[in-house]
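Residue numbering begins at 1 within each chain, and the chains themselves are lettered A, B and C in the order written.
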Amino acid sequence: MTPAPTANLRKLIARHRLREQLFTIIGLLALLIGLLVLLGLFTQLAVTGAPRLTPEFFTSFPSRIAEKAGILSAWVGSLLVMLVTACTAIPLGVAAGVYLEEYAPKNWLTAIIEINVMNLAGVPSIIYGLLALGLFVYQFGFGQSILSAGLTLALLILPIVIVATREALRAVPGSIREAAYALGATRWQMVSHHVVPYSAGGIMTGVIIGLSRAIGETAPIITIGALTFIAFLPTPPVTGEFPFLSFQWLKNPFTVLPIQMFNWTSRPEEAFQLNAAAAGVVLLVMTLAMNALAIWLRYRIRRKIKW
Amino acid sequence: MLNPGRSRSRRLRERLIETLLFLAAASSVAITFAIVFILVKEALPLFREVPLASFLTDRQWTPLFDDAHFGIMTLIAGTATTTAVALAVAIPMGTVIAIYLSEFASFRLRETIKPILELLGAVPTVVFGYFALLVVTPLLQKLYPDLPGFNMLSAGLVMGVMIIPYVSSVSEDAMRAVPMHLREGSYAMGATRLQTAVRVVMPAAFSGLAAAYILGISRAVGETMIVAIAAGMQPNFTVNPLEPAATISAFIVQVCLGDLPHDSLGYKTIFAAGLTLMLFTLVFNILGYWLRKRFREIY
Amino acid sequence: MVELAVNLFDDAPRHELAVAALKAEARNLNFHYGGFHALKDISLPVYDHSITALIGPSGCGKSTFLRCFNRMHDLYPGNRYQGEIVLYPDNVDILAPSVDPIEVRMRISMVFQKPNPFPKSIFENVAYGLKVRGITRRDEVEAKVEEALRGAALWNEVKDRLHDLASNLSGGQQQRLCIARALAIDPELVLFDEPTSALDPIATASIEELMLELKERVAILIVTHNMQQAARVSDHTAFLYMGEVIEFNDTKKLFTMPDKKQTEDYITGRFG
């Protein structure tokens, strides 16, 4: 039987405790440094960009004179590209997610598709840009257009939408599926009447996160050759005469916000760097707002639904 | 009332829908094939002009000069240097933050920090590029006046900060997945939180931590805008982070910014560079996937 | 294991050691999980060189009580102790805020419900507590590990593969490894929290046999949901219900002639 702890053991414990406390401080410091550095950088961006954030900044075209330059063509371009991306990625991604979660048999083909989706999520965005350059721009002849850019970003965020859809579907308990079948529903009725509507919130979360990623992407858009100096707007999608809708804009050259920011950042004149900061603030506010919305949505779903 | 005709048409409709859904899922495989096909198809003509041996061993990358050299190692050196700088920041910081959040922080602090980390992962990289070139480089120049305006150090540092959320979030998940009874076993022996974290939780979460680091590497290798903006786009065979150099991805951006006719030499080189990049990320992805699968299977 | 089979009416003198010194004593112990009053005014002695069993229906607080002895509750926020647990011979209240829970855990070790070997080798598992105590001399560590493994009746099975991963052992072997791990630091009291509930009957029997050997060296406090097990191995038994000690007695007395009606109802299977 050992005697009660000796003074030596007490000293050892004290030393262990000291190390533990030291680490607590280091951990907190690492966290704070990480957050403070980013906060400092964002503040710098906001302070630098603030003087340029006037209403005219949003309603002016880019210009050779920094003070007169704005982001009109860039945000309109971003909006239209996102429209194409959303219209492609959401149906395709949700359908793929539904298939993998609700239909796919457990076989090698399904396994390959699953591994492939994981792998696509890890492919650098610039590679998607090269794919688009070779395929959409030249092979399909879409040119350096809004259509090419929108499709490129749709492919880029497809894995995000698929994974989010699957996770949302998985959260619906099996008893709901059985209940639908028990009432004579077919598989598609079970999926389209019950499982998908019940998981719509979770799917939305993934879609928003995907779109926020797409809106900030620069590299693949550069690769397909988006122009940076666009002093006009694309053809309006709504026209005055029959059939009132025009898809001419899909073929138009364009620029987007991150490209505009990249262009201004790369200029040596300081006046343009202020514009870059202002564009950065707009971009940052947009992506962070979208993500915050998604996180809030997910939090709400978790609290609301109790299966 | 059973109606055989209606039942047949319903079955037909179900089959049709299932086929459409399958095609949607299979399209993801088609994307992978398209990527590989396009990269190989467009890069192949280059290898008819440049022998593979000189592609791999030449120490210069000057494809658009009259005296053209095609040594991919030049671009790989740039990629490796910026990646190494980024990991030197992201792995220690990300791991310490993960240990802190998983083993030390209160529930409330953890639940507050995790969404913030997630938000930071969504910041567009072009914004980070702006920081690297216009904020961090001037700061570094105050400490070291000889630093050129474009340099790999600043790009790597900012890239490291960008990657911290990925590394810490995956590491934290892996450590949280270690069952509580293992920790209790350690505490019951008189271990402190730190001893438990380092000697029991981290070894138990090893493959998850490794997957987190691999994810970090994969992000750093493929990252484009930060290096294109802040590290300079001129190929330069060096591993000195204080110098400017182009990474694989930055070179692609540089070529694409210029006029790029189809079938030009520049056009072929970016696909060769892209193919190299794709091979690297593929290796890291497979490794990461395998490791993640392993740590899920343990418990 | 025939000799361990239930024989509640065995007249052999089982309690020569019952007069042994007190090892620990809970005095008016109250415990709260947040707003839940889990233990109500518990007073209970734990004798040296003997086995004290805690029985009672699920949720009666027996595990909660056990985990007070090595301050495991300190790991989670919102838990509150009142009263004291005095450890002898030095007469310290191990629940006092001034006492370091780590020091307590170095004197009182614990074996858990589910075998929880660390994802390390067999050797490293047993040596872990020594490492934590700052014992690093190779020969000393090796000697202690061997002694502990022998003490846990595992040495002969693992001596040729000490550097294999502990997770390769069978469930019963893993639990004996956890016992060896607990023994290596020379504890004064070992807490067993339903140590056989995840094991098959053969492994259970060997753990029970081991506990009977161990009480020659240390005091043992065991939580069990298995009344036969309490009857087979323990010297004293406490019956807990709704966070209170209903009855504490010599095991034989408690199982044959309980003082309280509630105890009798429980051991005869009328509830719980």
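Just a few scattered comments:
In this text, a residue touches a chain if its C-beta (ideal position, glycine included) is under 8 Å from a C-beta of that chain, and two chains touch if they have at least 3 such contacts.
Since we're looking at a predicted model, the values are computed, not measured.
In terms of which chains touch, the assembly is arranged so that all chains touch all other chains. If each chain is reduced to the average of its C-alpha atoms, the one that sits nearest the average of all protein C-alpha atoms is B. Look at where the CA atoms of chain A average out and do the same for chain B: the two points lie 16 Å apart. Centre-to-centre, using mean CA coordinates, chain B is 50 Å away from chain C. Look at where the CA atoms of chain A average out and do the same for chain C: the two points lie 54 Å apart. Each of residues 190, 192, 195 in chain B touches at least two other chains. Residue positions 102-103, 106, 132-133 of chain C are each in touch with at least two other chains. Each of the following residues of chain A touches two or more other chains: 13, 16-17. Chain contact summary for the complex, chain B toward chain A: residues 10, 13-14, 17-18, 20-22, 24-29, 31-32, 34-35, 38-39, 41-42, 93, 96-97, 99-101, 104-105, 113, 115-116, 118-120, 122-127, 129-131, 133-135, 161, 164, 190, 192-195, 215, 218, 221-225, 228-229, 249, 252-253, 256-257, 260, 262, 270-271, 274, 277-278, 281-282, 284-286, 288-289. Considering their complex, residues 13, 16-17, 19-20, 23-24, 26-28, 30-31, 33-35, 37-38, 41, 44-45, 91-93, 95-96, 98-100, 103-104, 112-113, 115-120, 122-131, 133-135, 138-139, 155, 158-159, 162, 186-188, 209, 212-213, 215-219, 222-223, 225, 258, 261-262, 265-266, 273, 276-277, 280, 283-284, 287-288, 290-292, 295 of chain A touch chain B. The touching residues of chain B, counted against chain C in their complex, run 106-107, 179, 181-192, 195, 199-200, 203-204, 298. Residues 70, 72, 75, 77, 102-103, 105-106, 109-110, 112-114, 116-120, 128-129, 131-133, 178, 181-182, 185 of chain C are the ones touching chain B in the complex.
In the complex of the two chains, the chain A residues touching chain C come out as 1-2, 4-5, 9-10, 12-13, 16-17.
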